[in-house]
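Letters A, B, C and D name the chains as they come in the text, with residue numbers starting at 1 for each one.
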């Protein structure tokens, strides 16, 4: 491992690095805006060069440029044009690609995640009279409904890791075992959540039919313990029998991650 | 040769945008030049629709031009403060869909079918009856419906077709007849061109018909569906358009972003950048004065590639065969 | 760089076409080279689908490869005699749709939705129950359904999604990863690429990935949806493909047409032009022997235009802003 | 009129010339294969240069080349590419264009037409056990259902002009006044039929809601009388109070028509 481990990095940076490492070596990723595209660009350059990186407005199999690469900013960043195998439109991307069953790996972020992996992207509090109204779900709902697997990237905070999302915009395992099937959704998984403190799997071996379908803490970031993670979680966390400590980020990972965010859109200090 | 559809930004908006219209106002390359003009002309009671509605929608709301929206996302360049207050206070009515839903609804509108099914939304709270009749909404039971497929018995959500009164778009180029060519990300534009009753397109370049007709596979909508073509260089500023200029992150962050913080901030922005300039050419000229020609030049989409195409069309000449 | 998907016509058909498969076999530029190979390999019990199925479908039926079809039109280059006898005698089962219906059904298949509504077919005899259960058919109540729209109460016909097992297409060019570029009439191909479970594409030219990625708006389907790419010049002969060669009316009229008259006529044609040649290169070589190089040269799509494009992509380099 | 009237022409040629003259000066024509594209190409060059000539596989607003023009042969003739304002696909053409309500003028041919303008393109006799099976409806059904007006081109023969089509693939006025509305179709008209003997309108002023909705013979070709037309019609024809005699084809029309069919695909002797 060239350059050794980085010594100076934030938990948000560790989150993005850990998320990038979660990208599989093959298949088709539909990568949502925000931290997903940042992590996805890092993954494409370092960990998963063969994965087809696609976006919801119509970039298919994007290869970041060899020089001067940066993460796309916003859904239609021009950097997504040259280097893509195909550039077309949203009905191709969210329709033929996603609805057609071609997305093996969806990558999302949201305002809240709950015990069963459901996400909320629309409003905090009662939807009809919210404490805080958010921008909206964008393509989050359909990726959660229709991707074969989902990785969620989400800072570990009590206000985000809640027992039940205030509004389920994006189904994980809905209301528990069999929930996806009962609502007409296909099985999904193995799903993952990467936070600023650790990595979670889910307690189901068959995409939501059996098991408790709850988040399970499988790994923690260097120097953190499951207790610290629990303190930033609103429910009584399931923890794996053996909790791995995640390999620290390398100098290469952190250097590249920072170069991919030259304007500080994603990881400017204080954002997460 | 059909009649020219070229006209000024003023005339295009005056003739084809009416109070109370449902407006599709773009997603990827937003026709800001046309949107600013809609604000200058004080159009009222607009319903802004699109897969996502960005900064242009926030400007419409704050300018008092729009009081409804159907979209998957409200956001983009401007801070959300003033808009979310308007939603909470009932001054802005809204129906939340998703990017996919609106794109499909525009497709259904284009295809003249009353609805299109999706297997998205299943398992979400969107479908709960108490939310379908939410107090901020305006569609009620017309928002969507559920049924089981008669072919496989599986549940689907039926999304109603969406036919905007006017689509306002920005494209790379057109000829005078209104044949529009675009490349790069099309977002939901391809179907909006066909779904809308009237289509107004601003373009970076007006080219001879022979250029369009030499490469007809690049055309995204034929001229007979287009009401007006406006020649408007930098017409998508501060958003980007493939082959011409990139997103203006600087302007967006330093100037536009704060316009969404409060009504007062909006008024200050509008006084300088919308009502304070006569049209989009004057807006760009003002940009030059404030930021310099170098800032404008720096937006040029100069990295990346030119097609190595070798594309040909053609047919065999009339010949003999046995 | 992903694994190359380039392979011979023999291997592509052997690996990806199975007995009993539902096959989309093209419409505008028909992948005849691949279709001939399916016949050489004696695939059986195929169901041939497409908006219209041309001469290639007639060959499949007469070769004993196919015993079902769903289409808007059976015809094209070959005389209909032998096929209509097979329909009358129950050896060929058929469900009549229309061009639009099949195109929409492929679109629904691509979109993963179970059905799509249309306002066509209303008022026709197609919808009469006694014809939906006709003795030549095989879909019965799965052919289509009727309902009233929950939004406007108007009647619609629901067309079921169509997902072929294999789509067999011919395109202008691809790279080794299977990213396919086409221009000119696409017929129903655009949606077939996404609707089919497996996609086999023959191309006039295999080009470097850099050519494809320099003009990604020309790509009609990304490589990860393509199972095999076969380099097959004149792979659409006797049909045409934009930019390369025009329809071979001479061959069609003098050689192919009569193959549809009777089983005997078919056998004679197949002995010379399908089973009598090892592969499509040998077929073209035989064509040269019979008709001369001049005949082949005469097909060149030499009249007409080359794009006057000036299309550019690109983005701004990383820069500073305030 | 340059060149005067042609003296040597067939009734099939007169039919195509008469059909070409029926093309309106503006709007969007969706022109079916066969005699419609031949007549449409003639119309585009001589009579209706401003009409947008579109085909069902995706040529939009085709302008025939100034030199060496010929009618397209088959639906995807390459001659339709250069000179078109847009070339795309069938969902754009039969979907967005036609279903979306943009086609002001559809042009069709068929095997049979009946008293109410319904067409049959699929089978003669009982559909379930036909005397003669035809190729199929192609795009005929949807154009008949969805175009704002329809022109049908059809040789005048007893086997084609029938009281009731054996199978209604393509609705005209279905079963009479109100028939289109009752079946969920929009009003349509003024519709026209051009045969090898004359030109018909329909007895309805409002697109099929009132009137008998039957074909009405309005004009006959030079030297023909309504009696001759009646003899080639299976029902008792309605005839307009005054039946026009059609202007003979000009030398220019016939010369160009023949040049547009250099291979005799459409009008080789004996075809009609």
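Some notes on this structure:
Throughout what follows, a residue touches a chain if its C-beta (ideal position, glycine included) is under 8 Å from a C-beta of that chain, and two chains touch if they have at least 3 such contacts.
Every value quoted in this text rests on a predicted model; they were computed, and no experiment measured them.
Between the chain pairs B-D and A-B, more C-beta pairs are in contact across A-B. Distance between chain centres (mean CA atoms), subunit B to subunit D: 39 Å.
Between subunit A and subunit B the centroid-to-centroid distance comes to 28 Å (mean Cα coordinates, whole Å). Centre-to-centre, using mean CA coordinates, subunit A is 57 Å away from subunit D.
Subunit B and subunit C have centres, each the mean of its CA atoms, that are 35 Å apart.
Contacts with at least two other chains are made by residues 59, 68, 77-79, 81-83, 87-88, 91, 95, 99, 146, 263 of subunit A.
Counting partners per residue, subunit B has 104, 111-113, 118-119, 154, 156, 183-184, 191, 213-214, 217, 240, 242, 246, 249, 301, 303-305, 313-317, 321 as the residues that reach two or more other chains.
A list of each chain pair in contact follows: A-B, A-C, B-C, B-D, C-D.
Within the complex formed with subunit A, the residues of subunit B that make contact are 27-29, 51-52, 71-75, 80, 84, 87-88, 96, 98-101, 103-104, 107, 118-126, 130-131, 134-136, 154-156, 183-191, 239-240, 242, 246-247, 249, 301, 303-305. Chain contact summary for the complex, subunit A toward subunit B: residues 56-59, 65, 68, 73-83, 87-91, 94-95, 98-99, 122, 127-130, 132-133, 135-142, 145-146, 167-171, 174, 179-180, 183-185, 263, 265. Every residue of subunit D that touches subunit B in the complex is listed here, in rising order: 28, 50, 52, 54, 59-61, 63, 68, 70, 77-79, 81-88, 91-92, 95-97, 99-102, 146, 262-263. Chain contact summary for the complex, subunit B toward subunit C: residues 104, 111-119, 142, 145, 147, 149-152, 154, 156, 158, 160-161, 172, 183-184, 210-211, 213-215, 217-218, 240, 242-246, 248-250, 253-254, 298-317, 319, 321-322.
Subunit C contributes residues 2, 109-113, 177, 179, 191, 194-195, 209, 212-214, 216-217, 219-225, 313-318, 321 to its touches with subunit A in the complex.
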